[in-house]
Amino acid sequence: MSDTDRDRPSYLDPSFLRGLTQARFSRRTALKGAGMLSAAGFLAACGIGGKTSAPTSAHVNWVWDKATKAGTLDFANWPLYIDTGTDAAGNTTYPSLEQFTKDTGIKVNYSEPIQDDASFFAKIAPTLQQGASTGYDIIVITNGIQMSNLQLKHWLVELDPSKMPNFFKNAAPRLLTRSFDVGNKFTMPWQSGFTGIGYNPSRTGRDITSFQDLFDPAFKGKVGMFAGNQDTGNLALVGIGVKPEKSTPADWQRAADKLKQQRDGGIVRKYYDQSYIKALAAGDTWISMAWSGDIFQANLSAGNNDLKFVIPVEGGLIWTDNMCIPVGAAHPVDAITYMDYVYQPEVAATLAEYIDYITPVPGAKAIIEQQAATEPDKDTKAALLGTSESPLVFPPAGELAQTSYYRDLTTSEATQWNAIFNSVIIT
Amino acid sequence: MAGQAALTIQAKPQARVRARRFRVGAWMLPGYTHLVILWLFMPIFVMILFAFNDTHGKYNLQWTGFTLKWFEHPFAIPTLTSALVSSLSTATLGMLISTVLGTLIALAFHRYAFRGRTILDSILIMNIAASEVVIGSALLTLFIAGNVPLGFLTIVLAQVMFSIPFVAVTVRARLAGFDPALEEAAEDLGASPIETFMLVTLPIIFPGVIAAALLAFAICLDDYVITSFVAGNTQTFPLWVYGATRLGVPPQVNVIGTFIFLGGCLISVTFAAFRTWRNSQLAREAQA
Amino acid sequence: MTERQADGGGSAAPGDAVVSLEQVVKSFGSVIAVDHLDLEIRRGEFFSMLGPSGCGKTTTLRIIGGFEEPTEGTVKLDGRDVTDLPAYKRDVNTVFQSYGLFPHLNVFDNVAFGLRRRKVTGKEVERRVGEALELVNLTRMGRRRPSQLSGGQQQRVALARALVNHPQVLLLDEPLGALDLKLRKQMQLELKRIQDEVGITFIFVTHDQEEAMTISDRIAVMNHGRIEQLGRPEEVYERPSTTFVAEFLGASNLLHGKYAGVENGWGVVELDTGKRLLVKADPELAVAEQVKVGVRPEKITVHSRAQSLEPGVNTLEATLTSAVFVGVSYQYFFATKEGGGLSAFDRNAGGGPVAAQGEAVSLAWRPEHTFVIPVGTGETQPAAEAPLVGEPA
Amino acid sequence: MQAVAAAGAGPRKPALRVRFARAAAPYLLILPGGGWLFLFFLLPILALAVTSLESGDFIAGFNFDWNVGNYTFGLQLYSSQFLHSIEYGGAATIVAFLVAYPAAYWIAFHAGPRKAAYLLIVLLPFFVSFVIRTLSWETLLADYGPLFKPLKDAGLLPGDFRVLATPVAVTGGLAYTFFPFMMLPIFASLEKIDRRLVEAAEDLFANRFEVFRRVIFPLSLPGVFAGVLLTGIPAVADYVNQDLLGGVGTTMIGRVIEEQFEVDINYPLAASLAFIFMVGLLAMLLAYQRIFGTKEILSD
């Protein structure tokens, strides 16, 4: 793969990133990092030799002309982010993936190595820097710094629009105009979700409605915040009444000061990664920043069916996790086949029923309602209806208006952002 | 009669108590030691207990009832199973290579005075004492700089690296009690250096080599920090478990952990039993 | 001096030398363990290297065995240069000080080890191991592990393991050192018997002069990496050629003087006090050469001053300073005008001590029991302090 | 002898080939392992040193330009994390010592024929993966976990009492994780003590406490020092315990290094932090080696 990779012409349309002011990055610039140790003398052979080519629109054809269906696909996803079942032997299965294999003849090697965007990006970045294959054909990345970086570094394969008919037909209209992927060149959304507040009413003793509740001294030591600075920073901006997309570094500092108060007041128990949900479920935290779908999942677990999710009155965050094909992917055709496949309403419905995040396919709602109508089992029927009626899966327009996307950041802004918010989180 | 018997039975221990001075210190230390053992086993009890927890969702945090179902399908999670397999294979490879290389170093230390001995000695100590996070990050730096693709290979490279000093130290300890005349005797009796090693040195230091190999296997299998730096996309068992902590570790992990624990117990007991058996065997041979 | 005395042992016919060392040097860093050593060991003899620890005797043995390579010089085995030959290719076997028995093998396998390396198989191994064990009286011990044997038995196994290979030369590195006195005496005789029986050349290293004298055909007394004297046990004992040898081999009474020439067929040494002693005439001594005169304590007889002594006997006037009862004998210490104390043994024949403490007596001994040591420039000092009290030989 | 003198002009020396073979033997033995350690231990540390002096960011690339600023910046920015590491690592070492010593003492001197069995039992828990053990502590110490829920339900503990997400939990976890490294050297040095010395001390009118203070403890010091070293160094660097058991304000430097490498991709800063940390520990180690030597570490 690396051979063909070297021949691959570079491309970049810098306009896709709002606020991007830097000059174009040639492949040589991008690979400078790989030669960083050449000063030491023992690394002379490393990959500085990559060819520099002017960006060209021929890129799309370049990948897709050569590629053919391979019949296999390596899919890297987040944990518990797909429907699962159990076979007769008790093994975990992925019914929708099996159906895909049946329908297309493509076998899926499914794995869940992504714990969060930053660490996953850091994990694959050296490999991509070397010009080698990550070993994955599809990765799922949230909009944000890492998504920007992947595009900046030319590490995503530009999609062939002719191979994504379902996407253009069935995707929610708002998803066709995403600021971080103008023209849908590189990504197709997997699911979206809200960042808001999760809480356990039996412990808090009251309903939670506001961002300010995260600062209530009554919950001292029982409040969970996110260690990921995009969520925490953006939510704090929303909390202090600033629209993230219009925010300035001064706003960031104000938000950070607010968060520092909360921290130094002993209110925050810990800055959690995905493990926040475990703490909330166990009662270690009573109220926590949360992602919408997780609360539903947590309530499925025995003894935890009383957690609630709320988008604070000040507003919440909405994010989108996106499927994309990293460069060097061995099976791009199979990958794009799958990415488009899930945009069929039936498939989207199957996924939505299990995952309980915002499905990218509004048409799935009708399918689920249909299923519910014909479902004989009472509990299952209730569950299906619960999904189809959930504002967290099919959010009404008002709910969406209440939420903001993450602030898009340029590289230098990201450095500033990290410095400001990490000084809160990393103590 | 019965009363009399009871009386005598009672009388005896009393007499003994009086005979031996009763002191607070006599039970404090053993009591403390047993408390320490309890402390050491507490997490193990929790692990085993929750392997039997009839949990329904993703979380295995609260006790919700007894079940054996997790033991029926301990390998039900394909990615966990493959992580376990890659752990076992890297650890096995790491053990084999580091045992050979470490033993060679130990032999060199045992047999020769050579230039660079103290330097090598210092490197071994530095390696044992260096923080994993430093070693891991340094290795990652090198691999990135050298364009070495991260994965199975780099895990083995790293695991061998941090196991060698442990093997060398363990084998060296065994060699410390080794009479150099034994090797000379073998040579004297016409054994070539290779024959000497195979027929005399190795059999005698074998328990030490085995202990070193087991130690190497254990630390390779259990390593999280260094492995996490150099693993790339490859998942090992500790990496998988650590990743899963974010959402709650599935009961299968407890089951596999329980198996590993029982395996460890079994190996230890087998070792102890083998020793006892061997000693009695030797005693019998002596009588014959 | 070394050369002169080495020849004193009588030279062997060159073809008869089974081991010969030529100008062998071994240094460990700046320490010279063996210093330009020349040595020939005759076929079939029981040869001992005797000296204090650090004298180079073990190093010399290890050079012969092939465990150390000489820094300089040549080692010949049966006339063939084996200097560069590793131990496992030399037709020499060793009994190690610590025995070096393989702890993981039983007695039989230990003894069979060398045979098997030479591809001897099956019945032949059994036969020869059986013979070897019989030779050392361990016939029924084949199944045992070394750790289950007593020290003496281990020693015998080590011996059998070496002998079973019928080497040209058997090297023994203080093999009796770890045994208690009684067992050691027994093993000394046993070794001698076995050597007679198998007829193999034995090279024996020890620091025990009595042991060396008991069992050896010839002894090389070593000090500082050199041979001080080489010869039959009687020769080195009765006519030590250096102060070191004299003092290492039992107690010596040494007096300083100068050689005064020959009178009446006897040599005469004039002590510093002017007292004249008769010694064997030695043509190699120059008149007026500085010498030491010595006599072994057991050769001295003690007489009362009044007693007249036969002429031609060496006498000294002395005062008894102490008498020690040691069972088989009395040991006396005397002060003399000539300086230095003298000691004498007197067999405990039942008469009690010959004199009381402080009593003036005369000491007498025969001129032929007197030995003379030239005080040359090459005189070496004893590595270890010579024993003040030696046991009667 | 005359023949010998005539035989050669100069002293005969062994063949060059033989001498070379003998001189080369130790190097041939250490070559594979030593080479491995050179390539994957020393060389990486060199690479780390070089990286720590680079500037730039991941997107634009890193350049080597003797950027010493990483060091001052890192020290300044993360001084409190360095401090946490030393505090928790140090406290954990003390706790491990206080727990291990009496137990090791009792097992070595008073467990009699069950000595080996006790030692084995003490080590058995460490067969289980360290991540799982730490996770178990997280479960155990949870605010409403098996340890505290009953006490809270019974009113013996206030409702807001917690151990998890505090420095206490981190310290306890570290002490637990590295316990064998403390226990084993101490046990080994106690076991080596000649029992006759104890008898001799008793004979010289020392009571039990004095025997311990004047004889046993001083003789076990090498083991104690080795244990302190082998426990302290990894404890100071660990971040898994802090991650799972710590809370706000407990971040240790290991975590920062790891995050800079594995999340923020700021290799130069991460490398400089790692290097500062390593040099600090190395200085301590060298001081240790100066004072106590390394024999105890290497022989246990």
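The chains carry the letters A, B, C and D, assigned in the order they are written, with residues numbered from 1 in each.
FYI, a contact is a pair of C-beta atoms (placed from the backbone, for glycine too) under 8 Å apart; a residue touches a chain by one contact, two chains touch by 3 or more.
Here the structure is a predicted model, which means the values were calculated and not measured.
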Chain located farthest away, centre of chain C as origin (C-alpha): A
Dominant chain pairing [most C-beta pairs in contact]: B-D
Per the C-alpha means, the centres of chain A and chain B lie apart by a whole-Å value of 40
Would you mind pulling out the distance in Å between where the CA atoms of chain A average out and where those of chain C do? 91
Quick check: how many Å separate the C-alpha centres of chain B and chain C? 55
Expressed in whole Å, how far the mean CA point of chain B lies from that of chain D is 16
Touching two or more other chains - residue numbers and ranges from chain B: 61, 140-141, 144-145, 245
Residues of chain D that touch at least two other chains are 43, 47, 51, 142, 145, 261-262, 267
Residues of chain D defined as touching chain B within the complex: 25-27, 29-30, 32-34, 36-37, 40-45, 47-48, 51, 99-100, 102-103, 105-107, 110, 116-118, 120-122, 124-125, 127-140, 142, 145-146, 176, 179, 208, 229-230, 233-234, 236-240, 244, 254, 257-258, 261-262, 267, 270-271, 274-275, 277-278, 281-282, 285, 289, 294, 297-300
Within the complex, chain D is touched by chain B residues 25, 29-30, 32-33, 36-37, 39-44, 46-47, 50, 61, 63, 100-102, 104-105, 107-108, 111-112, 114, 116, 120-121, 123-142, 144-145, 157-158, 160-161, 164-165, 168-169, 172-173, 176, 218, 221-222, 224-225, 228-229, 237-238, 241-242, 245, 249, 253-254, 257, 260-261, 263-265, 268, 272
Touching residues (chain side chain B, partner chain A) in the complex: 55-59, 61-62, 64, 69, 72-73, 75-79, 140-141, 143-147, 149-150, 232-233, 235, 243-248
Along chain C, where are the residues that touch chain B in the complex? 65-67, 86-89, 92-94, 96-104, 106, 113-114, 117-118, 143-145, 147-148, 161-162, 165
Could you list, by residue number, the parts of chain D that touch chain A in their complex? 43, 46-47, 50-51, 54, 56-64, 77, 80-81, 142-145, 160, 162, 164-165, 246-251, 255-256, 259, 261-265, 267
